[in-house]
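Both of the next two complexes hold subunit A, though its partner changes from subunit B to subunit C.
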Partner chain A sequence: MDAFFSSLVSIAFHGLAYGMILYAISVGLSITMGLMGFVNLAHGVFAMAGGYVMYTLMGDLGMAWLPALALACVAVAAGSIVLERLLYSRLYTAGELEQVLFTIGLIFVAVAVARIFYGNNPLAAPLPDLLKGQTELAGRSFPTYRVMVILASAALIVVLWLGLERTRWGAMVRAAVDNRAMAQSVGIDTGKLFTLTFALGSGLAALGGALGADLMAMTPTYPFEQLVYFLIVVSLGGLGTLRGPFLGALLIGIGDTACKYWVPEFGAFFIYAATMLVLLWRPQGLLGRAA
Partner chain B sequence: MKLRTSALLAGAFAFALAGAAAAQTVRVGLINTYSGPMASNGDQIEKAINLFMKSGQCKLPPGVKIEIIKRDDTGINPETAKRLAQELIVRERVQILTGVVWTPNALAIAPLATEAKVPFVIMNAGTAMITTMSPYIARTSFTLWQSSYPLGKWASNKFKTAYVAVSDFGPGHDAQEAFTKSFTEGGGKILGTVRMPPPTSDFAPFLQRVKDAKPEALFVFVPAGKSATALMKGFGDLGLGQAGIKLIGPGDIVTDEELPNMGDVPLGVISMFHYSAAGDRPANKMFVASYQKEYGPKAWPNFISVGAWDGMQAICDVVAAQNGKVDPEKTMLLLRGWKNPNSPRGPIEIDPRTRDVVQNEYIRETRKVDGVVKNVELETFPMVKDPWKEFAQK
Partner chain C sequence: MIAKGAAADIGYASSARLKPVELLPWVVALAVYFLAPTYLPLGAYILIICLFVLSLDLILGYGGIVTLGHSAYFGFGAYVAGVFAMRVSGDPLIGLAVAAAGAGLLGLATGAVILRTHGLALLMLTLAITSIVLEVANKWTSVTGGADGLHSVPIEPVLGLFRFDMFGKTAFLYCLVVVIACWWLVRTIVHSPFGVALAGTRENDVRMAAIGAPVYRRRLTAYTISCALAGVAGGLLTQTTQFVGLSVLGFELSGEVMVMLVLGGVRRIYGAFVGPLVYITAEDWLAKQFPEYWYLGIGLLLVVIVMFARGGILGILDKLVARVRGGRA
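Then we have the complex of A and B:
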């Protein structure tokens, strides 16, 4: 019984760390899908960019860990504004097929660029000594870095939710998600709102990618390899919400870890099976509103 | 006018024939991993072959040349490997196939080697049964049984319990079977076994389960290269060493070229293997020195480099012995019993019966020597034949 309890703690801990990273990356995808109705399959590119930019800042420019992380997020968010204005905004009114083809093309371009600059081998920014090793908690030891990932993501989620529930910007975003035409007619500049929200989502993805490089290795094919997980998180939770992908990310994080812990020979079988069942039962996702 | 043209043509034809007779070029097809997340292993083969050809080790009779035609299988990718082998045999008319990091790729190519009667020199893929899949295969690398079986016997004298964690493909299954057999025969108890999908970048969930099971030793096989570093990172992050769990395995987990990226975590790891870049044989010292002269002081050759180095030596020797006119049956006859008393890893030979490599295995401990982390060879098990085939024969 003791051993069983201890395995539950192990799974909950590693699942939570993985789920938090998935959430940080996917929440931006959920918002862009819900807000703009835009299927941005290239979302993982921003997460990858976050990881690689941080690697460059620390490795080549010798920056410390925390400033490098912050600057990587800002840089990716700024870069995403350029992409959004230059490319994405032209396709907001296009059909879904065009959007999907465009974003897949963007992934291919990103993969090739990453390969030229960073090669094929997985890379990760080095951790500061403070975050290495283990932390003692209630008689058990946990890897310090993952403890920090969980705490930092939890703080981030609180800030994000408060921002969306309590600020004027949040109210405008919610209004635009609910009914874009009505929001526009009461004077909300949805174009500007989209750009800002897009940048926020990309910056969060960069944060998740950089923080999570330990769990999901940075390789040039990252946007393809992880895309399935991001999409599962978003569709499982429900589009256009903040809480939906959180639930989805936790389910996937803990479910995937439990499978690896107990039944590694099945790989991701249960994750995919569970996703199919949930979507058959609730096509709009667990917390999504019926269309 | 017409006459002149045909005379010219005839002349050109005769010239071409004479040219072909004078310069005998043997075409060798190399299937290797140049891209994808596991490309660092293919890089070892590439560097060793280039160094070998450049260093004048390949002594051929005058007029005989070897041309290497390279193809990229992108990783564990049997369909691609098979297609590339087909293309090399049919379109490029190669007379010898070689390379191949991964077992599934070697298995996909084996039937083509048989069908087209093309000798196939395997430079890495280490699952025991590969050489039984075609009479045209010879191997210059190693088998997982060669290291994991004697390691299990050795470990059963030191540890009562062990956990087994291996990559879920051919060589991992071999390592698991070999270690489990000898460890339990020696009185040890296996507390659990986990097969992890390759490639894995985050080993934490698997290692956490090992930690919770509290074995005395953890036996691991993961492919060398970045996977080994990721494993070592997980081992350190989760504090398995502090929890009193000893890490052991075939040398893949402490692969020489990645040691500089592993920090202090691998210190104290016990491994059994046929090659360490820290080996103090003169042939190895020369090999490492020339490798670092060519590729920089931070580049370390590993066992994959040595497998390719010796593989290329074998190919050169059989081509030279036939004066460049490569006949498949004759080539296989020459490869059976081929010897290199002076390989960087010590003496090696190809068993005439099984066409598989016979070589020394060394117990090594990973230690810091003069500030550099190295696999120090402690004990030699001389001329080990692949135990799997020895058991199969009995």
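Then we have the complex of A and C:
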């Protein structure tokens, strides 16, 4: 019985850490998809870029852990603005197929570039001493790093929630998600709003990618391998809100950890099957509104 | 003139009569058979992928169903053909029929549920289906061989007469005949009233429903046929290589096949022949020497096609032909 309880605690803890990483990466995707209806399959590219940029900053430039993390997020966000203005913005009115193809093309390019610069082996930025080792909590020990991931993500959620619910920018985003044409006609510059939101989402993806490098290894094929999970989180929760991807990320994080713990011989089968059932029941996602 | 061009683009105003240029792919294939015998295994592979891409064109190009999961049916057909040959009978034609039926049934069952959704949910469901099939093939080792796949799949002579030889001659001709038959089927479907109705559901499903067309049933029928054809392609691959492994499944293969279709040209039937030919030949030459740059090039090409040349290679050819003719007039 005690062994069972201890496995439950373990699954909850590691599932929560995994879910938090998934949330940081996916929340931007959910908001931008809700805003523009753009099918951005290349979102994982920004997460991968975050991980690799941080690795370079720490390894080659000798920066400390926290500044490197912050700079990686800012750099990826800035890069995403360039991509958004130059390329993405031309395809907002294009069909779904064009958007899918364009973003798959971006994935191919990113995979190739990553392979050229970083090779095929998984890389991870080294952890500062403070985050290594175990932390004692209620008589059990947990990896300090993952405790930090959970705490940092909880803080992130509070900040995001305040930002979206309490600021002018948040009000504009919510208005544009509800009805873009109406938001535009009352004077909201939705183009600019979208660029900013896109950059924020990409920066958060970079944060998730860099923080999650021990859970989801940084290899060049990262954007392909993890894409299914990001899309599941987004579509399971529902588009355009903060709560949607949070619920999706928690379900997938804990569900996937539980499946790997209890029924490893089935792989991710139950995750996919559950996703199918939910989407057939509610195509707009658990917390999404009916179209 | 513009209206006619637009109609041809939608796919229902082009004549159903066979033009001589439409025989060009088969002339090229026969030329390869006689002139370049060392390329026969590669040629057979290209023919198989052409059929796979053609099946995708039917639902994606003509039906407007954007799917990331078509490899599920290709791979399912490949595994069905493999398991059938190992356990029941090595007759290639029966095996192919079983692969087509299996993939078609899977297409019917999955299509019946996923085609009720649109947009992101549909995209996600197709992705989930191919992931599930991949997961099952990976884990159900007793039947599928798991990560090792099925080796030395026994294949008997075609019709009991033509043995599969080590030079790939029989395999190439076998593929050629099957692909021609499937091409004719798709061509007939596209030009039929059913094909026109399918194009209608893509262009405006609300209006099609308003004039009384059974949109869902049309799409499901097309989806099922397309999946069966993809299954045939998968079965051919298993039979000609006598091997089936996990590489016939997964989202990346779906993506690659979509790239080939777009490279050749969507909704043109022959884009499905040009795309794989160019893609696989280029891959065969370039990818071995510069694997990284190969993916970089494909990615950039895809971005450029979407931005500037939505018609693919055949679209560019069409424009060149139109310009030359316009210059003469």
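Points worth noting:
One rule holds in what follows: the second predicted complex is superposed on the first by the 291 of 291 C-alpha atoms of A that agree within 3 Å, B and C clash if a C-alpha of one lies under 4 Å from a C-alpha of the other, contacts with A are read in each partner's own complex, and residues count from 1 in each chain.
In the analysis below, a residue touches a chain if its C-beta (ideal position, glycine included) is under 8 Å from a C-beta of that chain, and two chains touch if they have at least 3 such contacts.
The structure presented is a predicted model; accordingly, all values stated were derived computationally and were not measured.
In the overlay built on the shared chain, the residue A:S141 is in contact with subunit B alone; subunit C does not reach it.
Judged by the touch definition given at the top, the superposed model places A:S10 against subunit B, while subunit C stays out of reach.
Looking at the shared chain after the overlay, A:L164 reaches neither subunit B nor subunit C.
Here subunit B and subunit C are compared by how many residues of subunit A each touches, and C touches more. In the superposition on chain A, A:E265 contacts both subunit B and subunit C. Shared-chain residue A:M216: touches subunit B; no touch with subunit C.
When the two structures are aligned on the shared chain, A:E96 is found in touch with subunit C, with no touch to subunit B. In the superposed model, A:G133 makes contact with subunit B only, not with subunit C.
By the touch criterion defined above, A:L71 lies against neither subunit B nor subunit C after alignment on the C-alpha atoms of chain A. Residue overlap on subunit A between the subunit B contacts of one complex and the subunit C contacts of the other covers 115, 265, 267. Remark: subunit A residues 33, 37, 39, 87, 90-91, 94, 96-98, 100-102, 104-113, 115-116, 224, 227-228, 231-232, 234-235, 239, 265-269, 272-273, 275-276, 279-280, 283-285 touch subunit C in the complex.
Against subunit A, the residues of subunit C that register as touching in their complex are 60, 64, 66, 68, 113-114, 116-121, 123-125, 127-129, 131-132, 135-136, 138-139, 251-252, 255, 258-259, 262, 266, 292-296, 298-303, 305-307, 310.
Looking at the complex, you find that subunit A touches subunit B at residues 3, 6-7, 10-11, 14, 18, 115, 119-122, 132-134, 141, 143, 145-146, 214-217, 219, 221, 257, 260-261, 264-265, 267.
If you check the complex, the residues on subunit B that touch subunit A are 35-37, 39-40, 168, 194-197, 201-202, 204-206, 208-209, 211-212, 226, 230, 233, 236-239, 242-243.
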